[in-house]
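I have a structure I would like to understand better, so I am pasting it below and will then ask my questions one at a time.
Per-chain residue numbering starts at 1, and chain names A, B, C and D are given in the order in which the chains are listed.
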Amino acid sequence: MVHAINKALHDAMAEDASVFVIGEDIAAAGGSFKATRGLLEKFGPTRVRDAPISEAAITGVAVGAALTGMRPVAEIMFMDFITLSMDMLVNQAAKARSMFGGQGSVPMVVRTPHGGGLNAGPQHSQCLEAWFAHIPGLKVVCPSTPANAYGLLRAAIADPDPVIFVENKALYAVKGDLPDTPAALKLGEANIVRQGRDVTIVAYGATVAMALAAAETLKQDGVEAEVIDLQTIQPWDETLVLDSLTRTHNIVIAHEAVEQFGVGAEIAARMADVGFDELDGPIVRVGAPFAPSPFAKSLERAYRPKADDIVAGVRRSLA
Amino acid sequence: MVHAINKALHDAMAEDASVFVIGEDIAAAGGSFKATRGLLEKFGPTRVRDAPISEAAITGVAVGAALTGMRPVAEIMFMDFITLSMDMLVNQAAKARSMFGGQGSVPMVVRTPHGGGLNAGPQHSQCLEAWFAHIPGLKVVCPSTPANAYGLLRAAIADPDPVIFVENKALYAVKGDLPDTPAALKLGEANIVRQGRDVTIVAYGATVAMALAAAETLKQDGVEAEVIDLQTIQPWDETLVLDSLTRTHNIVIAHEAVEQFGVGAEIAARMADVGFDELDGPIVRVGAPFAPSPFAKSLERAYRPKADDIVAGVRRSLA
Amino acid sequence: MDRKKIEELYHQMLLIRRAEEALQKLFADGAVPGFLHLSIGQEAVPVGVSSQLLERDTVSSNHRGHGHALAKGVGLEPFFAEILGKATGICRGRGGSMHVADLSIGMLGANGIVGAGLPITTGSALALKMQGEGHIAVVYFGDGALAEGVFHECMNMAALWSLPVLFVCENNGWSEFSPTERQLSASLERLAGAFGVSYLAVDGNDAIDVADSASRLIKPMRENPRPGVLECSTTRVRGHFEGDKQDYRESEEVAALGERDPIRKCRQALVAAGVPARWFEEKAAEIDAFIDGAVRAALAAPEPSINEITRDVYTNAELAP
Amino acid sequence: MDRKKIEELYHQMLLIRRAEEALQKLFADGAVPGFLHLSIGQEAVPVGVSSQLLERDTVSSNHRGHGHALAKGVGLEPFFAEILGKATGICRGRGGSMHVADLSIGMLGANGIVGAGLPITTGSALALKMQGEGHIAVVYFGDGALAEGVFHECMNMAALWSLPVLFVCENNGWSEFSPTERQLSASLERLAGAFGVSYLAVDGNDAIDVADSASRLIKPMRENPRPGVLECSTTRVRGHFEGDKQDYRESEEVAALGERDPIRKCRQALVAAGVPARWFEEKAAEIDAFIDGAVRAALAAPEPSINEITRDVYTNAELAP
């Protein structure tokens, strides 16, 4: 997937001179995950900026530049470090447009990787997207494939509002051709990646592939699962999810983040309200247990949600 | 309620010499909301410390002091400013015990006021408690009356783990006698403040009184609402809420925070799972709309949830 | 500095002073919602600095930002209307005193978060440098903000990248109810020196000095972008916010503030330059009438409609939940 | 410094060096999960500083913390077991290399967040000062951490409140793949000076110098609490983490690193003091055997049970969801 993100950055910068990238070791080194590789050579140090280890200022610089006619794309090396950027994102970027009475917009993107799989431990594996979805004014996006990573990142950069673009580390290595002229997608639209009549599985990022694998397993007991790739977490595509529920009457939501107070809670809550009459079984969520992401191989493997957990969740919902 | 918080601080400091308070203008000035009034005179500048405007360091100092045998109680003047403390709370305080294999604990409290009512605008009114409830290792508490403010703060200070103690600004002025020897409460326990058979209303902080007012209105159309004061948001008392639902079969959740991805989402999601078979109607949430807290009187008044919104929510759930 | 320029400084300061005195009265009458932080006694700083700014230069401000906004050119009526929470406010009544902004003239906003203007301005300066038209970005902040980590991060970035940022510290000796010496153990001069950023200290109550020093820092920045620090020692005459009785301040200190009144100082310079008493009377009358009209219009304006609450959360409204 | 003391410095440095060389090999063999940041070439700093510490003094560390932990006295077997992710690890395998901690000896943890050790140590120093037994708190951080805002906030607080914090900067000239000059426009000496904090610079590859300078700063701190800064210029021999090919570094630079090897330097001092070759051979053999045993035990230990995952989230387990 990282090649798609890299291409989206190349294409966006080539098309629009107001786009620039800023972050730690993103220029000369091409980024910790190589998402920004080649940008320095192509666009030079003015538009591809290695920053000091100052996450608050990096994010604030993006806010100020966005208010001054640019389209910054900042990288926060690990989502765990975005804890240092919260004022700038939540009190400044998110609110500027509304708080200033619609005078302007803050067209900026913060790209940041979340999730485990590297045994990087409790401070390098967190999935914190639910925080940003709670904040009016921020948009939150999480791709699941090279193709939608490209299309969503292009849309995020073109979007007039601040977007938190969350990239699952375990997906960076996923290969996949891109069409020669890949299209930008629309923010706010989810995608049915598998059709099914018996249960709706809502997922995003790394759990989309798990949900598809789970659907194949379930097929063997005659359960046809519909799998929805949320793509945009805020604003999320409630219409599509509700429409699917009205056909399947059961729903399971899966994400890598901690289950409690995670993104799945909002989707479940909405379906238990506007979708209540459609529900034939309990709404089941699949997520990480209530604990920090542990380091040891055995522990991290058990900690991260798996296709089997989704299968079990579906069975419980249908039971 | 502020008198109860002040008394809890006085009593905790008198009882335990390892308790100290730190924050901005909390000593000489007694705090922006006077919660720390009189502590400097009684306990001196070593234990009652006016800090520079450095929220990250204030919080980090509390973490380090807690790891070194003290029980710091830090004040973050407005919850909006806790955006500057997130690394210390989320990556350090929350994780230290688990990440170090249970070697020690981080007995600290961060007191911070949330909510509107002062026309303080978008950066001085936010309710961000849902963020902390999503983070394993943190406890989150929000009192609704002078009596439980005292008992919960004493429990938070005595607790071995980091506690985010959220005080609703609009409640500070609420009067109410305290018993001469008020008792500490147990964290993690909710409280049924009104019994009823027809619907469960879960609230915390400022919405508890609104829920009680709503219950009186509903009584007139013969609807008997049971009102639960959550008191502790993380870990929350799922057992009590579920038990109430099994008697009322309908549930409405109300908080001042933005509805989307708020605390109510988790409660709704759990009830739509473990409580599914008990539900006779949609789970309705009442919260602030998806927008920053606006400044103008007319706007803030309309923005904040009211008893009537809870009444309407209950009617919709029972319809 | 020639007399016309000084007259303009006087005019601007008096306008800000009278506007804040009007707000003070409106607050006492209960017409101003929320917190009100007045900059009475500090007018020379924004007026002196703004006299050196171009329309496309940007400024960001803090909680005590009325002077910064008016000096940059925010209209008086939308200014009052905003602070009164009216539909005709510059921010449609959604922001209030702590969020007055006018993006059309590069006023990037007052701010409720101490220190938050620093990175915003640093980013604005980066954008202006990339746009290459010789514009600069100014951030006004108080002595209290010097304790925030972003100050350090931004000084470093601005110096490292030679960004055209003017850091204007309004040092009034107080952070809320605490004197600076209980808040900060460093001097701004030595901090600026540590980053190799040029620094000037000035009597922040002398608009002419402020203007001269600002121009000494700004002129070279336009040719050859780089940061500068201007530390203005000034006087907070009122409480931290309206309603603060200032019982924590020595009465002598408060009494002595009048001595340092920037407007009086400027008037003395004008008198010395031969400006007749009549000019001052006419100026005062003109400004009072101007403010009167603006206040009256703002008071008469309607409160915002509640349908406005969820407006502008996103630019593309169709995406709002 | 007397010969016995120097022998002890040598012993500690060699122990850390061999332990990290063992980790380097284990990593190459795929036995180490996650990121591994080695401090080879930097051993003199923690060894010199720790030679001046008492058990109840506290230290906090960063991502490159193996030396800091071992020098403070973390046991070798629980150390290896942690980094290998085993049940017998000092943190039961939940933290790994970036989170080695031993609260029982005041080792408050390595840290995955650059700069995070600074406020934790400042708070630890506040606690130690309140406890009044003359203990101090040490924080080890790299030159890259100087750009984080918390550095500024903590220098200010430590100076303002006269806290017994020793700020030990391991300046190895690199932050990941970027040289310091592209990261920082200030000198630590001038920053310390701005806060009036005493500062000493030392050759961070000379354990004797480090020990002497540390003691010059620490001794007075115990009597009369106040902060100090010790800047140690040192050498990162390996990549930022294992697997980093360092293609961004001049081969000359890398080649020259051997010249500055702190262990060689210390050995020369001992030889000059008349320590015979045999002593070095015995020492090496002793340490190799010690490490061998610890590594073998750690490798043989079981992985943690998955029932451990939700353990210790709260101290009072009955509250866990």
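The rule is simple: a residue touches a chain if its C-beta (ideal position, glycine included) is under 8 Å from a C-beta of that chain, and two chains touch if they have at least 3 such contacts.
Computed from a predicted structure; not experimentally measured.
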* Farthest chain relative to chain C (centres taken as mean CA coordinates) -> D
* Calculate how many whole Å lie between the centre of chain B and the centre of chain C, each centre taken as the average of the chain's C-alpha atoms. => 36
* **Distance between the centres, which are taken as Cα means, of chain B and chain A, whole angstrom** => 29
* Structure fact -> Whole-Å distance, C-alpha centre of chain A to that of chain C, is 39
* Whole-Å gap between the CA centroids of chain C and chain D -> 46
* **Sequence positions of chain C contacting 2 or more other chains** => 89, 91, 93-95, 99, 111-113, 147-150, 153, 156, 160, 182-184, 313, 320-321
* Residue numbers of chain A (touch at least two other chains) -> 52, 54, 56-57, 80-81, 84, 87, 91, 98-99, 121-123, 136-137, 260, 290-292, 294
* In graph terms, with chains as vertices and touches as edges, which category applies: line, ring, star, complete, or other? -> complete
* Give every residue of chain D touching chain B within the complex, in rising order. => 58, 60, 89-95, 99, 101-104, 106, 108-109, 111-113, 116, 118-128, 130-131, 137, 149-150, 153-154, 156-157, 160-161, 311-316, 319-321
* In the complex formed with chain C, which residues of chain B make contact? -> 24-25, 28-29, 32, 50, 52-54, 56-57, 80-81, 84, 118-124, 260, 289-292, 294-300, 302-303
* Touching residues on chain A, where the partner in the complex is chain C -> 20, 46-47, 49, 51-52, 54, 56-57, 59-70, 72, 87-88, 91-92, 96-105, 136-137, 139, 159-161, 187-188, 235, 238
* Quick one: in the complex, what on chain C touches chain B? -> 33-35, 85-86, 89, 91, 93-96, 98-99, 111-115, 144-145, 147-149, 175-178, 182-184, 248, 303-306, 308-310, 313, 320-321
* Complex contact set, residues of chain B against chain A -> 56, 80-81, 83-84, 86-87, 90-91, 94-95, 98-99, 121-123, 126, 128, 130-131, 133-137, 234, 257-258, 260-266, 268-269, 271-274, 276-277, 279, 281-285, 290-292, 294
